[in-house]
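Once you scroll down, you'll see the structures, which are given as structure tokens.
One chain, chain A, appears in both complexes that follow, with chain B as partner in the first and chain C in the second.
Coming up: the complex of A and B.
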């Protein structure tokens, strides 16, 4: 273990204190350096950071496994869609800024309604019930087509105005979603360091002990669930306004699993982990499909020829025959399409086995998973 | 208000038989969930994919043995062969999964094995989807057509075969659990792994056997599913997996007779139950609502009877 008693040089402390403002400032420079497709990709990354931060409250802070997070995302998106799309039967033509709190409220009510009956249950049951609930919501959206127009979806959802200025281009959206992510990140980190956050931590570590210390476990679990749901709803409203079109197909189980994987792979309970996870899981598959990527991969034709040569040699030596590799410039797209999920599944297993605390674990988690003989300092959990 | 059923007797008896048929499949798959949960207190999320692999292995075996050209007594032999191949494929997959993805995580935080299981499930599902180019495969249509029964009460041969072989497999499993040394070891580990190991039970070996038994049942279910529904695809494991888990919870997770009974209750609830709801004025639930009924049933049961509808002995509170 590194010697922690020696004081670090002062400049690292200054850097550490201002790491978040510096990171946000750097992020704000990105649109000047990148082309539009890249900025569009980053909008999605930022949106999934918002969702990841929300689920992080539920899974990372309170240790409740929610496999139906998409339900809250859908609740927010459909609030926006139903109240503003001209195709909706209850189109009220409301303003985005009015719908934002309504969407958050509706999502947290959905969270409370789902959480109230199931939160006294054990964790694994919670996982299955939330999974089932996410599916029910999707089936409901498809089948109640009198309200939601079923799989046709709701279109022409208007974009928001900010002080009379319409948020339209990818760059403007990028700043908008990053601002949302910063607000959410600030709120969740304050929550984590508060009395509520300590109660969540106690529940996550040992529910019985937490209850014995006087933590009202059901109340705090419900609070975690509702906060996570509210952030999911916020993400949904923003998503609907950004894309302008929503249909049940966009709210499949895959979204829940993507967001969960962002939280787990990044490191449960860790904000930088969520950012890293979202860049890897949402950013990389999109980057692989860019023309820049295929242009770059086109240079790898020699590698394809060499590998194909190996395969033909193998074919000649053994009975049966293998397919040849496709042209190098299509590798990125192929990897992004089919193979993405195979790698993704394997990655989940490998990370759990090799690094159960994630790629960038929170400092507390790092202590818990440290493999040394000295017990970690006892966390102060009782509020 | 007296409810007069508007549809005919034969309609209801058909629905009942359909319910028993899907119920048999759910019960067979549910056994794997309930046994693994019994010993490891973990939801084996990849079990639906083990079922799917069994179905594909059985398909491969049937095609290799002649596919649609089979006839006469050869059909019976081919189906038996397919079942054996499917069982071996499911069992080997399950043993590998246990060794690579679950065993290293024993004693890890509660969520870790579950996430790992979700990873295995995604991996296998998309691996098969990619290998089949996401297209469906069709089981050879070799099972004799025709039906038994008189008047409005009828059951097709395939349904009879499916129900009978499921019941036979479950009886066999039940005998293994109750009568053999291995079964006693499994029950001991489920009760308390530490005590069992103090009594000389090899816990790791017993856990592997639990996975083997559960996977064998899932493999049989895979072939039966293929013979009955004919269409199989890489994503076929998900919904039956969730439904079977629901069945296991219905019967009280950890309980083997409970899983069997839960499978049948669920199968009947989503066929007969949906039609009964449709009898109510103003209700018209299409086929897609079957899944909603199953999930709603799961949530309701978990809220009101978390130990399952047939709560037995001192099952710990969910």
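Coming up: the complex of A and C.
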């Protein structure tokens, strides 16, 4: 019997009900509290939240391991770039708000193109094929240089206007991308709680049985690929408009891996998990690059002394020499530069060891009903 | 739901030289509880897999109330009225009990648009027909977009359909004796309840023919007796034809009106329980050549 002892106090219920509005309101205060570099960092975090939410549909909901997610991101970004960059052969000078739906549509078509051939594949095989697909798109962008200008990339992509007002500063971009993330988060959570979401979950749990229960697995797998791709395309359009310059180098396998890592570190299928994952995977490496960080590390003189002591002790005990840490003035900067990926990698390893199901695993949603408040009768056994 | 008639005509299933089923001919009249027995590896589950579209039979035909169904994809066959349970329980383990039943109702939750990919297709499409099926693709895409839009906007129509589905799922769970477990994860249910949940999930698809693969496997005599009562009640209340694979002879003889015996992929006997028990071919298949002697569990 499920435990239904004491109901939670009313204020926690209110808090739980308004947790998302409260969180968004808090997020909107951030630009007032932080400097520009931090806000810029948060724009990237929010952008990767959008991408993470999109991949979450494919990997988290439907359980289709997709290592080529960057393809859809690139499709969206190049739609924006090709239609607005002065360097592009098909520059149409279209408005951002017109390109947004076009980019989403093109990305979802690319998603279907990927989805169709991989329909019969599962697990590892699917991962390998999608991996190849992502690379194909990147190489296509490099090699079709008559269209995409190859590795030179497309530059001077204009920034969007909103009600005649240009979205320009980091703070404005922050609000814009956060708004996009909120819309996407709302859509994906609605999808998860619908017949589609249940069909995806059933496919993830057991594809054959899902089919035996009447789920058209072909249709729902394609829908998962297409919706995930559409969100990736949205992220791509926004990215191109924000950065103003795109080239194939920005759409490497690393992006796919980052987004997948966001989903997995956060907890598959979980929206708060994607937010946390993006903060850690996209935020932390950038924070480690900040001047404040190296200043902060430089002030940790005791840490340097302790490490030096350890090294001399090791030197004394073993033949050969291990060298010394850099002098106190530069060691902060060097620590942040040289070792940030070691620190970062170690952090990821620790997270996955301590919390294998992710930082914030998706909570099993409980469908609540009025008569749940009455105590349930004893289970009826057949006579 | 009205109970369906199943006709299997000369069905054969070969896996690269291995003949799993050969020349199976079978007729199960509407509303009958039909037993399917045979030694291990006789082809009972293979027959179920052919009936539900998991396998495409290599020869013969299957008719459900007159309509030919072999070669159709599983979800279409489910839509036409065949539901099944699995020998080794295959629930959606990480979904709740209620959600499991809701997935079973998938095709009965209205979301707008018609499900083009689920509509009837030619049984064995020729290449030309395949292209014609693909021509339905734009409509399927439009329907997909409508369904996604409905899920996001959640208009009253979708809310009503969801609420009705939840109410029906609760009724089904109550019918199999799982009231009060709706929000438990399926994998946390005790074994017997998992079998009951599988049946509730199968009933949620509104079957006219229910295939039960060893519904009492691993149950003690009391539990098995309760399951037998449940099976009878399902046949009466839900008006379905039922075919069950079963090893416990007490169950088979007690609940089935007719029995088909398979051995090495062939039908070796068919008839009412009393006749099957005395049939020398059946006794030989079970006791004669294989080593189930001295009152093995399969013996009557």
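The rule we apply is simple: the second predicted complex is superposed on the first by the 328 of 383 C-alpha atoms of A that agree within 3 Å, B and C clash if a C-alpha of one lies under 4 Å from a C-alpha of the other, contacts with A are read in each partner's own complex, and residues count from 1 in each chain.
Assume contacts are C-beta pairs under 8 Å (C-beta built on N, C-alpha and C of every residue); 3 or more make two chains touch, one makes a residue touch a chain.
From a predicted model like this one, the values you see are computed outputs, not experimental measurements.
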Touching A:255 in the superposition: chain B (first), chain C (second), both, neither?
-> neither
For A:198, decide between first (touching chain B), second (touching chain C), both and neither.
-> second
Touching A:99 in the superposition: chain B (first), chain C (second), both, neither?
-> neither
Is A:129 contacted by the first partner chain B, the second partner chain C, both or neither?
-> first
Of the two partner chains, chain B (first) and chain C (second), which one does A:246 touch, if any: first, second, both, or neither?
-> neither
Could you tell me if A:349 is touching chain B, chain C, both of them or neither one (first, second, both, neither)?
-> first
Identify the partner contact of A:59: answer first if only chain B is touched, second if only chain C is, both if each is, neither if none is.
-> first
Applying the touch criterion given at the start, work out whether A:213 contacts chain B, chain C, both or neither, answering first, second, both or neither.
-> second
Of the partners chain B and chain C, which touch A:181 in the superposed model: first, second, both, neither?
-> neither
Shared contact residues on chain A for chain B and chain C?
-> none
What part of chain A is in contact with chain C in the complex they form?
-> 1-2, 186-187, 190-191, 194-199, 201-202, 205-206, 208-219, 222-223, 226-227, 364, 366-367, 369, 376-383
Residues of chain A that touch chain B when the two form their complex = 59, 63, 65, 67, 117-118, 121-125, 127-129, 131-133, 135-136, 139-140, 142-143, 257, 260, 264, 268, 338-339, 341-342, 344-349, 352-353, 356
Across the complex, what residues on chain B touch chain A?
-> 41-43, 100-101, 104-105, 108-116, 118-127, 129-130, 134, 242, 245-246, 249, 286, 288-289, 291-292, 294-296, 298-299, 302-303, 306, 318
Residue ranges of chain C touching chain A (in the complex, touch as defined) = 52-54, 73-75, 78-79, 83-84, 86, 90-96, 98-99, 102-104, 106-107, 109, 111, 115, 117-118, 140, 144, 147-148, 150-152, 154, 158, 162, 166, 174, 176-185, 193, 201, 204-205, 226-227, 229-230, 233
